[in-house]
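Next come two complexes, and both contain chain A; in the first it sits with chain B, in the second with chain C.
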Partner chain A sequence: MAANAPVAEAGAAKPASAAHKPAGRTPAPQSNFAPWKDPAKQPIVRFENVTKRFGDFIAIKNCSLDIYEREFFALLGPSGCGKSTLLRMLAGFEKPTEGRIIVGGKDITDLAPYERTDVNMMFQSYALFPHMSVEKNIGFGLRQDGMAKADIDVRVAEAMALLELEKFAARKPHQLSGGQQQRVALARAIAKKPRIMLLDEPLGALDKRLRQQAQFELMRIQETTGTTFIIVTHDQEEAMTVASRIAVMNHGELVHIATPGDIYEFPQSRYVAQFIGDVNVFEGKVTSIADGSVEIDWPAGGSSFTAAAVGGLSTGQQVWLAMRPEKVRISLSKPTAPCNTIPGKVIDVGYLGSISHYHVRVASGQTVTALRANSAQTVEQNIKWDDDVWLEWPYDAGMVLDK
Partner chain B sequence: MRRWYVIGAPYLWLLLFFLVPFFIVFKISLSEIATAIPPYTPTVDLAEGWAGFKSFFSQLDFENYAFIFSDPLYVGAYWSSVKIAAVATFFTLLVAYPVAYGMARAPKDWQATLMMLVILPFWTSFLIRVYAWMGILKKEGLLNMFLMNMGVISEPLTILNTTTAVYIGIVYSYLPFMILPLYSSLEKIKPSLLEAAEDLGSPPWKAFWQVTFPLSLPGVFAGCLLVFIPAVGEFVIPDLLGGSDTLMIGKTLWSEFFNNRDWPVSSAVAVVLLLVLVIPIVLFQRMQQRQQEAAS
Partner chain C sequence: MNTRFSWFNVTSIVLGFAFLYIPILLLVIYSFNDSKLVTVWGGWSTKWYEGLLKNDALIDAAGVTVRVALVSATIATILGTLAAIVLIRLGRFRGRTLFSGLVFAPLVMPEVITGLSLLLLFVALGFDRGFWTVTIAHATFSMCFAAVVVQSRLLDFDKSVEEAAMDLGAPPLRTFMEVTLPIIAPAVISAWLLAFTLSLDDLVIASFTTGPGATTLPIKIYSQVRLGVTPEINAISTVMIAFVTVGVLLASYMTKRSSMLREREKRAVDAGAA
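Right, the complex of A and B next:
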């Protein structure tokens, strides 16, 4: 099942069908898999008002979260935001100071890690046992359960086949490359067939190429085993690629929980908008709201914008209009179509091959980034440094944020 | 050329301070006791030239070795030394392991202080510390007084001048040599390994035997050898704390040398002791080599 539609492209060009009239904005469904929208569904993991303090430091602030079966759930945030603490509480290595953790309808708050049979974790540093061969490492968890040797051998062989590790069965961890070690760590946890797999920065130690491969590998394994995966990462691209839903965390709080597409296109705050991808932000005031669209005065630039209205806005309120760079068009002449336009001067051009970045200084003095796909095969850039240009974007391409 | 100086220096050192003395001792062990200065024969008479050397070598034999192995006193002393050293090493391991484990798990900023405390006894002379144990263990000593005052015992225990006192002395004296290698191997074990073991369903006590202990084995081996090797030849502890029934080769060697003034036999005893100890030393080196291969 398509639990993880390839949402990495969500950040690419807006589909042409997106109309210019700024009305009726509803998030487009990424896939049919959305158990969080079904009120009858019971979550497999539930954090209930969980708070965790280390001395005076509050690592997790009154956190409530439901995760559903077969989800690939990502906890995303900068280092120190508490995402690892949340995961470690689920594994049992940390006890919540307040609140409860419920797995499959059972309160597991007070269970020790080895009693939590539904949950297994893949560690950031892999934590492979250096004195055991790959085979013994993978079989370790099964031996703890007192399983018969023949059954252990079958399960270990299964796990090794799933991760293409058969060739390395007799090797010790130090004889493996980083990518192979990562797969052994995954196989060791998967061999226990947990209902919930926890992955703590599982790909952090791999180089970029290998990481991208491993992301798709993780998705493949999650789909074939049907296990619920919860991944902790600080890499927003990784979260976007693999996850069915993402929880963005900051200072021990869950600031936004949604699908990758919704988080990217409809962030609820400037923090989330800036954390996920690049964004241009204009600060302004609401001057009028009508017909599902809102007028925003932008005093710093001496101009005003039109955008799609969101709930809870009132006239005179301070808001921020956030714009993804790929939605900003750049041209040498003033556009005639009805859309938001501002003039500016190119101060920097970054040519990346597939796309080019344009940094444009506008009237307010701030720099606005516009992206353009280099669809024509030419090394000639028709927009150069110090060119006077026009930036434009459709009325419904901006996100109005009130915090 | 300069490389040879660097490599040559330790070899020259070994040659001068180990091999040359060893061959002198070995030569004496092949000689015979004599009432002379030095108290053995033959000696080389350089004035006689080549003939002198020939008659010198013709008089050397292995009679002392034959004597040592035919006399149950010496064989018994070797055997009981190895036994006492082995038992004492085991008890040292039992005491040292929890201490080393505690040190390795202590907060990082305490570890240097704890290490200092372990090494601290070396600041006092070894001899004085062993004498202090005589004061503690004797009939009217601190331990007996304490136990009697507490009402644990009514009659003082005889500990001093028994093999038990020797065990206590060895365990106490060699404890740091066991703790330090244990600590260094325990400290290297990543806490995440134990978390992984627990996560995979292993309760903490089981995780200890499955993960911590096997990974500390290099430290266990190193510590055991560092205690066992010197303990076999130990003289001071059995002499001061042990009784007449505590038979150890160090004591035998001493009485052979100073009481009987039999240099050739005591030299032979020393050479055999060296051979007995070479076996564990070779084992130790093999072990270290394997470890280095595993690390690289």
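Right, the complex of A and C next:
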């Protein structure tokens, strides 16, 4: 999965631009970077039982969250789930109703935004100062700190070089394209050299192609500067691409916090499984649990499945078996290998070039999606509409979810 | 949309403008009348304008008017801007509806009432009526106009720009001075020009609150007209019309220019995103 090593990939994708600050580079591969697993490590950001209410509306419900130095942490969820509120509380624009926020061991819950020197934010609307040139925009935060003019010039030049903005130094924001404005906004926050960078839907206003470029750009800058990044996004692909860990939120609660790979492969609930990527879900009951595997009765389809057992299951319990489409194999003849199989009829074929989608109606009446990579130029088994097919997947490919 | 000229359109425009501007046009023309009789045309002349310069009473009144307008417009703009910021930025606070009602009431309040109540207030407080009472009275009634102008600009002001300034380390006052004020400056300037113009041509409130030595131009003109219209009055009125026209044009130009700039900015952003 590309999501497992995004930072390493970013470095490889843009070696030339990474040369701006060679000293700051840390070539530690992503797979070794897991400070959240190290009990001795102190988190740089800690939300402690934070609750936020706006009148009767509960925006954040008792959130506790640790974020570690150098992480690229993504807050992911649909709009209105409270992810932006959580970020704004960290920046100081909202005050928690209950709980504490600790940054670098210091309680900052009651500090005003301009007193939080460790934290800087990049806004969704970029919030550039329209009456100042690019240079003045980037230097604004440094001037607030009362830095000497010569030092400000050095830092501004550094930030502009990092984001390739030198050409635009004298321009006003309205003379820039959306992508350039986005880079100015990032440069303005990064120029303050915060320990923690907050990004509120930073790429939301860019088109898809530009957004993918900008994602790698963000990862490069995060790696170059060694800053902790916290990004808010509703785009699961974006979160998967950039983040070292993702917190999935729903209705003001943190539903699941894990690496992109774990969230995709081992979601803890149907909500997470369905929010991240596509998934087929079968509802059933546990009939037996035996050495590492579990039998699930699927009454709607008149059949049963075997799956790898997870902890905390009991016989008779209602569970959901979730299957990623790319793990479902589709064939015209009944498979002989020991695996879960169900028959069905193809109702739709979507050819996407590199892969094909098959929508298959099964006995329960639900539609199951299977993906097949078009690796051979001529497909040996040409599956068409209305074909009777067999779907199969290995016993350990399904995820048993109890909520 | 049909933008062609039809007879109906042309007729309504001609009639409408004639109704509004023929009296003013006549006044301007007769201010150049050589004859001493206002209603009899006696050829072109600028002698009434020369006469104006020698009429100390009128010049004094003009001086008072300009000073009153300068000071009251400044007070009204500061108070109006603050009121607009409170109304837009503080969200829903206790008494907000009452406050906004009180700010905007003078917009619809009959001037006679405003003038009379201010007069009663000044008498009750024992203020000597003169320059300052007129100035305060003018600031009071033009403040709401200034507030309306600034408020409409603040309504489409991206709040995150101010948040960004604070996030970058600027305390609230510095954020206001370095970020908010420069951005809303065109609206503040046009608010000032509007307040200035309103003060220039106010008669009712000024005549209630004025005292000896603080006769404004409109009061002076009014009292002279009661003795009969002279071409000199026509001349001074023409000068006032010129002033007010320039003020209003400037104010609307400032507003339009800044909204055009913002439009262009938005288009640039859209073009960049597309």
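A few points about this structure:
FYI, the second predicted complex is superposed on the first by the 371 of 403 C-alpha atoms of A that agree within 3 Å, B and C clash if a C-alpha of one lies under 4 Å from a C-alpha of the other, contacts with A are read in each partner's own complex, and residues count from 1 in each chain.
By definition in this document, a contact is a pair of C-beta atoms (placed from the backbone, for glycine too) under 8 Å apart; a residue touches a chain by one contact, two chains touch by 3 or more.
For clarity, every value in this text was computed on a predicted model and none was experimentally measured.
After superposition on chain A, the partners chain B and chain C collide with one another. Of the two partner chains placed around the shared chain by superposition, chain C is the only one that A:D207 touches, whereas chain B remains out of contact.
Shared-chain residue A:Q144: touches chain B and chain C both.
Contacts of A:F93 after superposition: both chain B and chain C are touched. Within the superposed three-chain model, A:K83 lies out of touch with both chain B and chain C [touch as defined at top].
When the two complexes are overlaid on their common chain A, residue A:R372 makes contact with neither chain B nor chain C.
By the touch criterion defined above, A:G179 reaches chain C but does not reach chain B. Of the two partner chains, neither chain B nor chain C is touched by A:R329. Counting residues of chain A touched by each partner, chain B versus chain C, the larger count belongs to C. Residue overlap on chain A between its contacts with chain B in one complex and with chain C in the other: 91-93, 112-114, 116-117, 119-121, 123-125, 127-131, 140-141, 144-145, 174, 188-189, 192. Chain B contributes residues 190, 192-193, 195-204, 206, 210-211, 214-215, 294-295 to its touches with chain A in the complex. Within the complex, the chain A residues that touch chain C are 91-93, 112-114, 116-117, 119-121, 123-125, 127-131, 140-141, 144-145, 173-181, 188-189, 192, 205-207.
Across the interface of their complex, chain B is touched by residues 91-93, 112-114, 116-117, 119-121, 123-125, 127-131, 140-141, 144-145, 172, 174, 188-189, 192 of chain A. Chain C meets chain A in the complex at residues 158, 160-161, 163-171, 174, 178-179, 182-183, 261, 264-265, 268-274.
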